[in-house]
Structures are given as structure tokens and as C-alpha cells.
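One structure is given below, represented as C-alpha cells, and several questions about it will come after.
The letters A, B, C and D name the chains in turn, as written, and every chain counts its residues from 1.
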Amino acid sequence: MEKKTLVMGVIGADVHAVGNKILYHAFTAAGFNCVNLGVMVSQEEYINAAIESNADVIVVSSLYGHGELDCRGMREKCDEAGLKGILLYVGGNIVVGKQPFDEVEKRFKEMGFDRVFGPGTPPETTIAALYEDLGVQPPEETEE
Amino acid sequence: MEKKTLVMGVIGADVHAVGNKILYHAFTAAGFNCVNLGVMVSQEEYINAAIESNADVIVVSSLYGHGELDCRGMREKCDEAGLKGILLYVGGNIVVGKQPFDEVEKRFKEMGFDRVFGPGTPPETTIAALYEDLGVQPPEETEE
Amino acid sequence: MEIRNKRLTDDEFYEIRKTVLNQWPTGKDVDLEEAFAFHKSLPDSKIFSKKLNEAKANRITLVQPRAGVALVQKHIELLTYLQDKGGADLLPTTIDSYTRQNRYKEAEIGIEESVKTGKSMLNGFPAVNHGVAAVRQVVNSIDVPLQIRHGTPDARLLTEIVFAGGYTSYEGGGISYNIPYAKSVPLERTIADWQYCDRLTGIYEEAGISINREPYGPLTGTLVPPSISHAVAIIEALLAAEQGVKNITVGYGQCGNLIQDVAAIHTLESLTEEYLHKYGYNDVVVTTVLHQWMGGFPQDEAQAFGVISWGSAAAALSHATKVIVKTPHEAMGVPTAEANAQGLRCTKQVISMLRDQSVDENSLKEEKEIIIAETKCLLNKCFELGNGDIALGTVRAFQAGVLDIPFAPSRYNAGQMLPVRDNNGAVRILTMGNLPFTKELIDFNHGKIDERAKFEKRKASFQMAIDDVYAISKGRLVGRPRG
Amino acid sequence: MEIRNKRLTDDEFYEIRKTVLNQWPTGKDVDLEEAFAFHKSLPDSKIFSKKLNEAKANRITLVQPRAGVALVQKHIELLTYLQDKGGADLLPTTIDSYTRQNRYKEAEIGIEESVKTGKSMLNGFPAVNHGVAAVRQVVNSIDVPLQIRHGTPDARLLTEIVFAGGYTSYEGGGISYNIPYAKSVPLERTIADWQYCDRLTGIYEEAGISINREPYGPLTGTLVPPSISHAVAIIEALLAAEQGVKNITVGYGQCGNLIQDVAAIHTLESLTEEYLHKYGYNDVVVTTVLHQWMGGFPQDEAQAFGVISWGSAAAALSHATKVIVKTPHEAMGVPTAEANAQGLRCTKQVISMLRDQSVDENSLKEEKEIIIAETKCLLNKCFELGNGDIALGTVRAFQAGVLDIPFAPSRYNAGQMLPVRDNNGAVRILTMGNLPFTKELIDFNHGKIDERAKFEKRKASFQMAIDDVYAISKGRLVGRPRG
């Protein structure tokens, strides 16, 4: 199978590193080529990395509550940088406080994100979505 | 001070004895003459005891949830027995489940109870109400 | 005829049985052979004793709520919710208070009123009125083992109906469902009536159907010292074993001091086994249940969760076989399904977080010795008073105040004994009444209470006990003087 | 110039101070003399160190939430609610993440957006942007002592503003607010910047105003073994003491195994005192704080209450001076005032129920010995690496992986060490990286982990650590393999 490439990281001034490390581990085991930018990633860094690695998808994590401020304009910046139509995922605790998820999802979709995931979404769910959206299959041997 | 007399007990098939024992202790210390019928008291028993002791008030406890079924018709039976206008208090966990207290109070007032108290009402509150309704004062020396 | 701890003969049993099944029309639907067949059709996953034995072997703690409403369909919905959303390992059917007093006519009114008002006007499920077929509907609808929980002095007809209905566990006993649950029923009566229930269990056992029996541990739920409830639990276990019961869960209501609670669960199991063996009952499986705090709860739900969690911790750290769960609505009224499931989930979280931890044996030593010594004083005196017969001895012990349960409503209870907490929150005995304790044990109790009295700069008294009764509902364990 | 653990001279301090106060316009409002006067006008009941010292003397555990929103009035409302409805003994002001990164312009946008949308768009209170007068509004409105809680690598301006604003306690440190909170800030920088903050505290102290300082204990909050966080806490205590700080609260994030947690709190206090004395700081008052579980929480609120309660139990049984409280919303997002108060009330219930209980000293012995031995290995090596200077030694220790914090985002952290739980849920170290442990200690850790690996019939590995990271959020403590 041709390996798909994803760029991942935690946006803004966010330092929540645990989920990022685990997601990296899980994505790699699931057969993706991962460019992990770690925490405190700016929109520009994601975009530059995506261009450089010719990525198929950008997976944005935001845990600390400023996701809504940090993610604004990301789709437009991608477009400007020539990444038209690149898949954009966002997940984590992406807003401040416990808010009804459907409203949150709507706001982020309007911002141009293709998929929006709520708090505590397990890696398996994210991976299943990636397989579906990228039209690929799990690798024969997964690390179990 | 002339001692006022109260008849007290836990109505119906209710065996919750702890609050009853403590209330008896508190009422006595507060200067009342108490006829304590204990638990599992029928309407008739309260009424007979009130006639016999020439009581000023009947204090009905109900904890176990059947209070609404058990208390029905009590005011009418008092009237028939010649206890017209006798003070009737009810308190405890007088209905099944957590219900808005104002609705519960309303239903029991309609049944003819003069005062209706919610879960966990402290003895001091009840005693203050008795002093007020019976127009008496605390005894000089209270057991403290 | 004086009461004796002796197995009912078939003649005696079936003679009584005729009148029992006639107490209410639904009695006539009970057919033993057909009931055995129904039980045998049940999958292992619905059999209480199997699940308990397995939990005991694996040292895990199962969670079980209390729950019961007036109408069959609503009751099934409630239990299904607690199973699916609460993750209950075991489910109950709590019986309403009219049925507990054999007031089936009032229960009938409660059912009608519940249909009319659309809310349960009864505080439990009136199984006798509903009858065998309805009970089986419940059993058929639920995937986990089911138990009847009640508080019924004369539970004979209820037992017949729910056993025939397929229930595989049954709470209660001649002492524990009398003294805390009745005002004026003689103890001879309830012990005899519960010999009937136990014998019925024995008859099922002999037919190859092992129904779990659980003496009701917490009694009045209010400052009951462990040795008192242990003595009662062990007596009821002996009475049940004599009638042929083979699967017994002995219970204890959390007092709140961790060391005392863990020591209590450990000694409850070992003492019950010891006494069963001593009296020749060698094939009984004994498991334990810890009841989360059974006294007054705080009204605030967040605080109630704190109390629930602490009970869960005591259950997990003592490795009780199961824990009976309270809800955040406890102080207010019969809980909604939602609140009940919350209590379960909170409990499960704590139980499973702590399942790999225990309390150091050394730190339990003194407390275990005290509980064992006290319990033996009580039991030995009971045997003595009964000239070796524990049924007779028990009746005489209550008459004499040798067994004495605090805050009990029954007039057959002396009510002389007064418990208070010591300075670490363990429940001790201030006024002995006629408890047959040795001087050492009395001194131990008083010494512990003196420590507290000194600390609080007041005399130990009834007021101290009252403060302790209110304490947990006011956010404390020890009822310290205010101000 | 290389970093040294040496008190800043007045010249050095006031030289730096000029640029600090110019970092953002609100800096110019800080006037030390006037600030001292404001502090001296505060009643004792608002002074953090006084309340802590009193709690320590009485062996009680105070409760404190986390809380902060974007706008001043809303923040005051929030704190008032937590004080009145939550019963908080101590209150915080949690700073937002932009301020923590000195991104005051973005904080300004957050404030504007919050005004516009009517909800807090920031995850905390941007104290620098608000300035001294606004901070005093908060101090004047609240009755209990207040602390700033943040996670700011360069907190110098923030410290100036909130000290002038009247805050009497301040969390953070050069290591604990760098490694878990930053990606690429050199440790020399943050240690130096925090020397500034500590020196400012010292200057207040010398003016007769004792401001409490709290190194941030839990670090990444995720499977941090006690000895690691102890070493960091003690280093930061030494660094603070050198600058003249006299009232220090050392912290620890609950791991979940009761024995380990209680042993951790006890040794944290004794070791901190030991090292302070050893290095000549003899007049520092040391208190302790336990943080309820700092890793991933279960989403379900009832389950979250279980986790909160277990943290409360650990705090109470270890007699920590205070406990930092989580809320039932933890897994979802910044809590509402209501949810925050629920966490407080639940905690208070457990804390006060358990305040008269302790864990038996004997059962703590082994665990305390291990923690002490491990911590000393780490600290002694740090001193060695710094040729006797702990500031320098710390920088070199991180470079060498001698100090190594699991799951940390900082590139100045080696990230070689990997913790997993043992079979009783205590946190142990699987991969040592360059931790300078003795063979005995390594064997002890591996022996404990082997027990678990055998029990689970699998090898200890990164997967086991991942399972442990998720465990509590999935209702367990030990991340057992599924299926």
C-alpha cells in the first residue's frame, strides 16, 4: 500500500503533549507516514510542513480551550499557500468549557475543517476516519 | 409556663425510628409534654392519643415515601373525632422520590395540614414553629 | 411450642405451606416442580450464587443498587436502565413497605394510584400482588442475577412467589428483618417464619437449585457496632444453614472508619465460616457484602458522591464480594433511575481503581481482635442462654438485652445500649446495657470514648450520640461539638 | 554567564526590573512601597501563609479549586461563588495560556472576544492585561486568601503585577513551569527568570510581607513517579529559599495507590525540610499540597466524582496541608462555577469525614524508604553535576537525562524515562534512561513491574504505559490488557 502522509501537532500556545505522543504512536502503527510537529504549533508551521512533506491531511489537536481563536483562518491560509482541498481534521478539547458538541462541530465546520472530533475521541476512531477519507486500508500487520 | 402537649409518631407502615427518638428528646428538652407513639402509627392511634392527652398539636412524621397515601383523610377524621382545629404538622421524606417541595407542600396543605416540612428539617426549626403557633416561650433552662 | 434451631420436617413445612399460599390469591399459582424447571432453564449468567462464587474466587467486588417501583413494566425499564447505564453486576427488586407488612390490600391501592397518577406511589415493587407470572417477566427481561430486598417480618408468601418467579437470591432473616423493621412482632414468630423461608431455600437446593441467601447486615444502619451486626449475621447464617441453605452472603453496614470497616469485613467472613464449621455445616459457601453508609446522608448531591465513594473505597479495600450502592438522592427520596445509575458508576470507578490495593494486615490486627472477642462474647452468651440452641438463645438474648440494637423500633429490643464514635471515628459502645462483654472489652470501649471526650472537652452522653447520628449528613464523620 | 544558585544583588535585581516593567504598559503601575502598604492593610484572614501555617499546626487539610475567566467582574463572580457555594478555604486565580506565553496581544484579543461573545474565550484570567488596579478589585472582593496559578516560563511581569495587586501566594518555578509548560525555552532562562520572581518574594518578605510560594508539583500530571517530582520540588524550594522566600508549599500529584501517595506526601515534607536545613535555610516554613489525579479523567460526571473522592481520601489520610480539587467537568473543558463548586463540596465531605484517620506508619515504611532513596540519588547527582551548585547542577542534570520527566513537551527534557504502574497501581520506572539510581533501586522497580507483567501475561512495554495513561479515564487504575 502506498503510505499516506499526515502532518500533526498541537496548535497555538497549547502544551498538552501526552495525547500527541500517543496519537503519533498510533498513527505510525496504523501505517501512516507522520510528520509530528509536537506542541505549540502555529498555522504557518503546519502549512509549511504539509507543503514540504506533500501531506494528504493535517491533523490539528487543541486541548487547552483556545482552539477556536487559534484555528480561525486556517483553511484560508491553506488555500493561499496552495494547499487547496487538503483534508483538515481538528480534535481534542477544542473550545473553552463543556459545550454541546453539535454546535461546536458546526462552528468548526464553518471554519473549513472537514472533520471535527469531541473530547476523548479514541485513536481508533480517528484512524478509521482517515482510512475512509483517504481511501486506504489498514496495514497487514499491525502492532498489537 | 403552662406546658403544651403534643402527640407524635411515625405514620403508616413506616419504621424509621431514629428521627422519632431524636425529635422526642428535642421536644421534651424544649419544654413540651410529649406523647410519643413511636413508629407504625395509624391515624386512629394519633387521634385517640390526642383526645386522651388533650393535646394541642399532632406531629406526624413520614419518612418512607407512603406519606401521601397514609395522611389522606386525617384532618377529616380529626374533625369527626371532635378535634376540630387541632394543629397538624407533617414532616420527613413525605412523598416518594425527590419532588419540588412547593408542590408537595401544596398537596399536603390541601389535605389539611397546617405546616409541612421538607426532608432533613432540623428539630430547632420545628420547635420554633411550635413556639410560634402555640404562643409559648422556650423554658428558662434548656438541656444543653 | 418453644422455638428451636431444627430443620422443619416435610410434614411441618407442607402443613404450614397450605395456609401460606392462601394468604393472597396469587399464592395459588405457585407450583414447585414447575418452578424448579423454570430455574433450570435459566442461563448461568442469571444465577446469583454462581456470580458471587466467581467474584469471591477472583477477589473482586460486585456492585448492586437498590431499586423497585410499583408497576411491572416500569420496574423492568428501571432495572434495564441500571443494568445498561449503571453497569450493575447484580440487580435487586426492592419490595414496597405495604407488602413488607403483608398489607396486600393497601399495596393494591398503591398500584391503582400509581396507574392513575403515572408515578410510583409505592416505595417498591409489590411482588405478591403482581404474582408469579409478572415476576418471571422481570426475570426474563434482565440479563444479570436478581435478588429480592425487602424488610419483611413474615415473608413466607413473598418467598414462595419470587422463588417460583425465578429469583436466585433473597435477603432477610428472622432477626434482621424484625428488630429494625417492626414494632411489635415477637422474635419467636419471625425466626419461625424465616425458618420457613430458609427451608424453602433448602428444598430448592435439594432440587439442585442453589438460591443465595443474605441476612440483612446493617440493621438500623445507624451507629451499629460491628460485633452486634456480626452476631446477628452469624446467627442467621446458622439458622439458614440448618434449614439446608448452602450459599450465604453475610453483610455489614459501613461505619466510616476504614480500619474498623476492613477489619469488620474480614472478621465477618472468617467468623461466619468458623461458626458454621463448628456447628457442623461444612458445605456452605460464605461471601460478604458491604453496604455503603446506611445512616442519614447529606442532601447535597456532590457531598453525597463523597459519601458513596468512601463506602466504595471501604468495599474495595476490604475485598467484600459485593457492595450495595447508595445514590446522590439518598437524603431526598427514592432515587430516579438516573441518580441510581450515577451512584453505580461512581462506585464502579472507585471499586475498579482500588481493586488491586489492600489494607496492611498489621494495621488491622487490634481492631480484628476486638471485633472477634466482642462477637464471641455475644454469641457464646446466646448459646448459653439457649442451653446450646441458638434460636432459643437468641430470643432470650434479646429479652435480656444481651443482643441489643441501637435506635431500633421494635419493642422486643432492649434499647439500653448506646453507641458513639471514638476520636478516630470508629463506632464504640458507651452504655453497655446488658451486653455480656468482658471487663477488658468494656475498658477498651470506654478508653476509646474517653480519648474523644477529653479531646472535645465534654462528657460522653446521649447528646454525643445524637451529634454522631447527624454528623455525616452535615459533612463530618465524628459529631464534634459545634462552635 | 552560567546560572548559579545565588541571591540576586539589589543592583542585579533592579537593573532587570526596569525592562520587566516595560514589557507591557500595565507594568508602569507597579510601585513597591505602595504595594507593601496595600499588603499591610489586608486582614489576616486574607493572608495565605497564615492560613497554611494554622492548618499545618492543626493537621487539617484545606481545599482549593482552580478557576479563572477572562473578565474581571466575571472572575470576581466566579470566585465569590466558589467561596460561598463551594466552601473553598483558599482561592486561586488561574492565568490564561496566552499570558503564560507572554502573548499579551493575543490575550487582549481574547478579552475583546469575551466581551463580544459574552462567554470567556480565554482559559484563564489575563492578569497582566488587566493590571494592578483590577487585580486589587479581585483581592478586595474576596474574603479568603488568594493565589496565582499559571504555568508561565517567564512570569516576572506577572509576578510584579499580582504581588502589587495584593496576592499572597504564587505558584510556579523555573523547572516546573518550564518542562511541562514549554517546548523550547532553555532551562537556564527559566531558572534565572524565576530567581527574579523568588527574589521579589524575598523583597516583600524583608518588608514584613510573607508571600507563600508553591513549586508546581504534578509536572505533566501523567504517571510521574514521586521521586522525580520530589526532586524538582526540593530543588525549587532551595532556589526560592536562597532568594529569601520563607513560606513554601511543596506539591505532589496523586498517583492513585494509597500507600504510595501517603508515603509521598510524608517524605515530601520531611525531605524538603531536610535539604533546606542541610543547605542552611533554617527559617522556612514548609507545607504540602496534594493535587487530585492530574491525568486524563473519565468523561462521565459520576465517575469523575469517584476520582475526585479518591484524591480527597489520599489528601486527608496523608494530612496534606491543602488539596487542589478537580471537577466533574475535568475531561470535557474548563468547568462551570457550578461544577467547580460540586468538586469542592465533594472534596470537603471526604476530607472532613476522614480528618481523624491516618494510614498506619508501618505499612508506609518500605514505600517511604524507596522514595527517599530515589530522591536522594537524584538530588545528590544534581549537586555533583553542578559541583555543589544546584542551579547549575539542575541544568546539567536535564541535559544528561538525570532528571527526566515523562510525557513532557520540552526539548530540554531527555524523554528517555518511561514509567508504568506495578501490580498494585503504584507508579514505577520501566525504562531508566539516565536516572542515576542504584542497582538496588533499579531492581526494586523492575521487580515490581515484573510482578505485573507476569500477572498480565505480557511484556512491560510502551503499550503498557499507554494503557496506564488511559486507565483512569476508562475506570481503572492499572491499565490491564483488554479482552
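The rule is short, and it goes like this: a residue touches a chain if its C-beta (ideal position, glycine included) is under 8 Å from a C-beta of that chain, and two chains touch if they have at least 3 such contacts.
Not measured: the values here are computed from a predicted model.
Novice: Could you run down the chains that neighbour subunit A and subunit B together?
Specialist: none
Novice: Are the chains other than subunit D still all joined, and if not, how do they split up?
Specialist: So the groups, subunit D excluded, read A | B, C.
Novice: Among all other chains, pick the one whose mean CA position is farthest from the mean CA position of subunit D.
Specialist: Using the mean of the C-alpha atoms as each chain's centre, the farthest one from subunit D is B.
Novice: Using Cα averages as centroids, what's the distance between subunit C and subunit D in whole Å?
Specialist: Taking the mean C-alpha position of each chain, the two centres sit 45 Å apart.
Novice: Report the inter-centroid distance (CA atoms only) between subunit A and subunit C in whole Å.
Specialist: Averaging C-alpha atoms per chain gives centres 54 Å apart.
Novice: Which whole number of Å gives the spacing of the CA centres of subunit B and subunit C?
Specialist: Subunit B and subunit C have C-alpha centres separated by 30 Å.
Novice: Specify, in ascending order, the residues of subunit B that touch 2 or more different other chains.
Specialist: In subunit B, no residue touches at least two other chains, as defined above.
Novice: What parts of subunit C, by residue number, touch at least two of the other chains?
Specialist: Where subunit C is concerned, no single residue meets two or more other chains.
Novice: With chains as vertices joined when they touch, what's the shape: line, ring, star, complete or other?
Specialist: Shape of the chain contacts: a line, open at both ends.
Novice: Quick one: which chain pairs are touching?
Specialist: Going through each pair of chains, those in contact are A-D, B-C, C-D.
Novice: Provide the residue numbers of subunit D that touch subunit C in the complex, in ascending order.
Specialist: 256-259, 298, 300-310, 312-313, 328, 341-350, 352-354, 356-357, 359-360, 362-363, 423-425, 472, 475-478
Novice: Which bits of subunit C are touching subunit B when the two form their complex?
Specialist: 96-98, 100-101, 103, 106, 109-110, 113, 119-123, 151, 180-184, 220, 222, 295-296, 299, 329, 331-336, 339, 407-409, 462, 466, 469, 473
Novice: So in the complex, which bits of subunit B are touching subunit C?
Specialist: Within the complex, subunit B contacts subunit C at residues 12-18, 21-22, 25, 38-40, 64-66, 68-69, 93, 95-99, 119-120.
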